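Both complexes shown next keep subunit A, but they swap its partner, so subunit B is in the first and subunit C is in the second.
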Partner chain A sequence: MWHLVLKNKEMSGCGLAGIIHTKGELLPGELIIKSICLQEERGNGLGAGFAAYGIYPEYKDFYAFHIMAESKEALERVEDFLSHRTFLGYQEPIPTRKVKTIKNPPLFKRYFVKPKFEGELAEACEDFEDDYIVNLVMEINEKIEGAYVVSSGKNMGAFKGVGYPDEIAEFFRIDEYKAYIWTAHNRFPTNTPGWWGGAHPFTILDWSIVHNGEISSYGTNRRYLELFGYKCTLLTDTEVVAYILDLLIRKHGLPIQVACKVMAPPFWMEIDEAPPEEKELLTALRMVYGGAMLNGPFAILFAYNGGLVGLNDRVKLRPLYAARKGDVYYMASEEAAIRVVCPDPEEVWAPKAGEPVIVEMKPGSIPNQKSYLKPRPREVEEHELGIRCKHPAL
Partner chain B sequence: MSLELDVSTLHYSKVNRLLREAILEGEKEIVLKGVNGHRYLAAGVSANVKIDIYGIPGLDLGAFMRGPVINVYGNAQDGAGNTMDEGKIIIHGMAGDVVGYAMRGGKIHIKEDVGYRVGIHMKAYMDKVPVLIIGGKAGDFLGEYMAGGVIVLLGMFSRYPERPIAGLFLGTGMHGGTIYIRGKVKESQLGLGLKPYALESEDEKLLEELLKDYARDFGLDPSEFFKEDFVKVVPYTHRPYGRLYAY
Partner chain C sequence: MATPQFAKFYPDFYIERDLDKCIKCKKCIRECTYGAHIWDEKKKILKEDHSKCVGCHRCEATCPTGAIIIKKHPSAFREHANWTPWFIKNIYKQADQGGVLLTATGCAQPFKNYFDHLVLDACQVTNPPIDPLREPMELRTFIGPKPSLVEVEEGENGKFRLKKPLPRNIQLEVPIMFAAMSFGALSLHVHHGLARAAKELGTLYNTGEGGLHASLYEYGSNTIVQCASGRFGLHVDYLNAGVAIEIKIGQGAKPGIGGHLPGEKVTEEISKTRMIPVGSDAISPAPHHDIYSIEDLRGLIYALKEATEYKKLVFVKIAAVHNVAAIASGIARAGADAIVIDGLKGGTGAAPTMFRDYIGIPIELAISAVDKRLREEGIRHRVSIIASGGIRCSADVVKAIALGADAVYIGTAALIACGCTMCQKCYTGKCPWGIATNNPELIKRLPPEVAFEKIYNLVRAWAHEIKEMLGAMGLNSIESLKGNRDKLRAVGLTKEEMEILEVKHAGE
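On to the complex of A and B.
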């Protein structure tokens, strides 16, 4: 069984780092390793992880499933499940190195898949494909004992486990990857167990998120997400944020700026002072999306195929810095973590509480690029709002 | 003679050990180069020494210190001057969150902006009156629960032209000390029950003296500061929450 470590509550301060090249050029893993390792003091060896975008160009149109399993049998159960429900393009063990301090790691394997729809729906639209994949992830996490999906997006992957960032980087050979977006996390678990599945990033499809803080509203958020078909199985508060992003931005079509106002809404006293149109919008968001509001202290970085976003809670109870040099943007919990890889940035700033730093790549930079700056024009039917929507032929 | 150290490859605990050893041996001037994220520099040091830091010092710079004069040629991170007792921290760039937390003496001069919760719970006792001067703008909760001392917010050297001079909840729960703000601040930004007041002649005298010292540290012309009027925020009672639970 998983060895769950639940430490007594101590002084906390996870560390975050993120880098994006806005023209889609590939950046070596060494950069993100340096940036997160400078913040070693912010973690306690009970979790670290990386998300990398652009690492599987040869399978860019396949969903890359990173699977973590406690045993061969668990892995076989996942394989059996995937062979029934997907077309398997390619599979291989995720390359790892032996690290002295990492004892008895789980098994890691990656599968590059496409949805296998039953019946007539061979040419499903992309939305259905994404929903199909989200449902697969939920099913594996919920029903297959001893196995979890670490990531499931196209041309991206998450690598995470129990250890310090340098150990996890060594274990997963992060130095051998190049990516146009990187995020990293150094964990100091406070209220939830330090286990392999509880390390950050948390992901769904190509969303990945790393988080410093506590989502005190976890219970509310979790119940809210369940209404739309999402299942929280990873025993850590941050998991809800990944699904909230998927729900608000991909499913409901909110622009990122608006989704961030749902997660970190202004105070009512600020809403009262806003111009009429903005006041109406902010009031509506708080009424409609109360269940998706994140309460508690947080600094988060989230990424998708095309962008990197940093966001603080509305009173900035956790640190966050951002910087730019040329086409590359950096974000981290400490300015020093940026300077260690970019000693002379053109701009450095401390983002305002509750106001996202949204960095999207220039259009046409990468395959399957996404942009979420504008509202989606398509009308969405009520039954399409959750991930368990009824596809015509399913 | 001063001691010069390049600390870029050293862990902060080693740097602090070297610093303390040098001070014990009577060193009066120490220059640290290649600083990047090194924590707790000069924390708890009780000596009259001058320390010049080139780079970005890490969290809790000069925490609990009594006496050192620290120049930071770069930006400082969170918690600089945490509970400091005597001495001075001069930051030639910007600084992070919770700077000057529970400060009880000495001075912190910051050229540019600061983050959130700066100067919270500053306190004063007899001749110990801590002073925190910010050349740029501040985030929310400046001077929250302030019990004594002086905060001066100039808003002049900011990298955030779009932001107001201070965030929300300025001085919330303050029950001692004074916050001086250059220019105007919206009443809705102040903590419950607080109001901005015009300066009296004593305030002007004090400000002139404090800002002269500040200007000297950064090579500025002090008369520039007074081209705009200041307001001051003081507690309306020494027990703002005295009746909170006694209705």
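On to the complex of A and C.
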């Protein structure tokens, strides 16, 4: 029996792999399969997954909803919901193969949708569309029992489930896809076997996260995100990371480098020694975003339409390696997992604690490309930040 | 025939003197400020008046031969679950005198102490505990309003910088501050000790409603000055002396009433500091007579901010009462930079016993409720929450922060560090330990250096313990503990209590 939701917060150790082509050329699925399968010892067969970018060029302007459902009825409820709230461009079951070891998998279907606004809202900007989609995802996850949104970004998708990485790759026919960014995960959870929703990657819009670690600050982070309307329904650390990225980078317009300093901030003794402007910024980040700081051991890879980022916790309690050859960058929990697909990298290094490895594609490489290296100033309105002005009942 | 004084028949304590050890040096007579030790000139022996003993243990502690032990008086009433000696004796006192029962410190009734029903978490296997001896462990805390987001821009050199400076905040190196205790209630020596300890520890102490003695202005950057209903010692230099001004609306030990410093305690120095005549009673009214509603509070907050050119933070201190969450929300909207919530167990130098013991709600429930309310209304970032009242150890501090407080105040704990034995007679002005008195002879018993050293040591030790507990939980910074209910589990609480505290039961 497998589950979509958990009663208690889960914990796990893991293996990670990620590959990006900075000119947007498509890389075959075998590469990522090889890299993650080499790290078999880092998982225990209770979860694996892949995220692939650039796999739906024909529907590149549609949000691709990958839905996991425990029954036809649940799937129908999702379909009904989507048909009311979106324009449905195309839908199909996600192709799968039969795998001996995977018994009674949930149902998987993908829907290519655009937001359906009513009345004046029809001429909404892209950010508004993204907010709309985030709300849809939250609603499906929270309200439709037995259904769960695996991914919801444009021209990308996540594939995940219970099994070893080779089994999940076989099941989802990963070898048949080509992508310009790949990430993969091999999971070693300490509890709750058979939890399909708990496999990585976790996604929101085109953000996808694979994560090795435990966020000891989970309780603080979850409460912090609730202030901004994010509902952490899955009780995993990784979900929290996905929402923090969305909040900091997409909604608050912070550049990735700065967002990484929020999640893995330098220690005060380093901040106090920094030049005045930097000190002022780092102090402000810690004062305002204390609730978004990720405390505890972690290594994460996160990707979006245009980049791949690797980040370690502030004292580096989990492994992470990076390498480059030509236009391709590799990241993984082990150097061997890189060398198995790229035996002769030009550079290979272990990023320092809290220092992100940020790889963005060359501008204009792919459709709907995003770049988050610069601050994106925007009109900050109170309602955007979830601040309701309710008068106190005195 | 004189009317019998029943209360005197049944003393609380029993002074046991070992005559073999006693050398008749009479030190006990000199040390006891209540006259419980008596020299019998005829018989050349020391005698005791047990009814005068308050149980402060001063004689026992200072007896050079260790000849004295203070015991609970063995005389017993017939057992009765309802009519315990406490109630019987209180009735005798009131029948004898016809007055209000007076006491000190915090609530002495055995209400459920929620801190004692909460246990903390630690890492095992899946994530590593962090060793504070080897890794940095951060307790730095900022008190004051924060925006909900940071705006960043690119500087000329391509580096990112802050677009707008943040509102003024106070930086604490340890999330423990010293609660308001006035000069008058306490000796000037204790105030010097608190001020110096605050400075050395990187935290704040609070003047209480007694004004600021001229010799303490040098500790301004570690001072919170208080503005209470009596406005004693309040002038513009005083308001500008510290880094924050605390408007005291109420106090956990006596919600709904003011304060009273008896004229006997108003000495020359206190008279100067409080700006009242020597020997006159200093009576703080129950309400601020310029605050009869929330908009009046807003008026006072901004009057103080105007008077200090917006350079000082304004805290508002309230007692935790039934409606604390709604009141706190109003205070946040009225423009306060921090809300101090003083719980049922909060201490005092003088309060009617009924108020101390039965009015207000426990701080643990209040913090959780206030934090929740401010979050629901989306204004939590606009104010800091300071929890006060009944914080007895560093684990209480950790629990208070995990329940949603930004920092805590300690009062009683700091006094116990100075030697207080909790005899609960602060209001007499006779404190034999030289803490809650301004008798020029008695204050010599606690020199400022000793007060400083003890208070400093206590907070240093607690800070170390907090670091150890954080490390065990896998955290290396205090902000990751704030509101982190995952780190708490309840043992022996009802479903309702756990809902209010937002914690799960142990085993869940």
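Here, the second predicted complex is superposed on the first by the 368 of 394 C-alpha atoms of A that agree within 3 Å, B and C clash if a C-alpha of one lies under 4 Å from a C-alpha of the other, contacts with A are read in each partner's own complex, and residues count from 1 in each chain.
Assume contacts are C-beta pairs under 8 Å (C-beta built on N, C-alpha and C of every residue); 3 or more make two chains touch, one makes a residue touch a chain.
Because the structure is a prediction, the values reported are computed rather than measured.
Once the two complexes are laid over each other on the shared chain, residue contacts for A:373 go to neither subunit B nor subunit C. More residues of subunit A are in touch with C than with the other of subunit B and subunit C. Of the two partner chains, subunit C is the only one touched by A:281; subunit B is not. Judged by the touch definition given at the top, the superposed model places A:217 against subunit C, while subunit B stays out of reach. By the touch criterion defined above, A:227 reaches subunit C but does not reach subunit B. Once the two complexes are overlaid on the shared chain, A:257 sits against subunit C while remaining clear of subunit B. Look at A:267: by the touch rule set out above, it reaches both subunit B and subunit C.
In the superposed model, A:337 lies in contact with subunit B only, and not with subunit C. Once the two complexes are laid over each other on the shared chain, residue contacts for A:349 go to subunit B alone; subunit C is not touched. On subunit A, the surface touched by subunit B in one complex and the surface touched by subunit C in the other have residues 267, 269, 315 in common.
Against subunit C, in their complex, subunit A makes its touches with residues 8-9, 11-13, 190, 213-214, 216-220, 223, 226-227, 252-255, 257-258, 265, 267-269, 277-278, 280-281, 284-291, 293, 295-297, 314-315, 317, 374-375, 377, 380, 385-388, 390-394.
For subunit B in complex with subunit A, the touching residues are 36-37, 39, 55-56, 58-59, 75, 77-78, 94, 96-97, 113, 115-116, 139-141, 159-160, 163, 167-168, 188.
Chain contact summary for the complex, subunit A toward subunit B: residues 38-39, 41, 267, 269-270, 273, 315-316, 319, 334-337, 339-340, 347-350, 352-353. Residue ranges on subunit C touching subunit A, taken from their complex, read 123, 125-128, 130, 135-136, 138, 140, 142, 146-155, 159-163, 165-166, 169, 294, 326-327, 329-330, 333, 375, 377-381, 402, 473-477, 479-487, 508.
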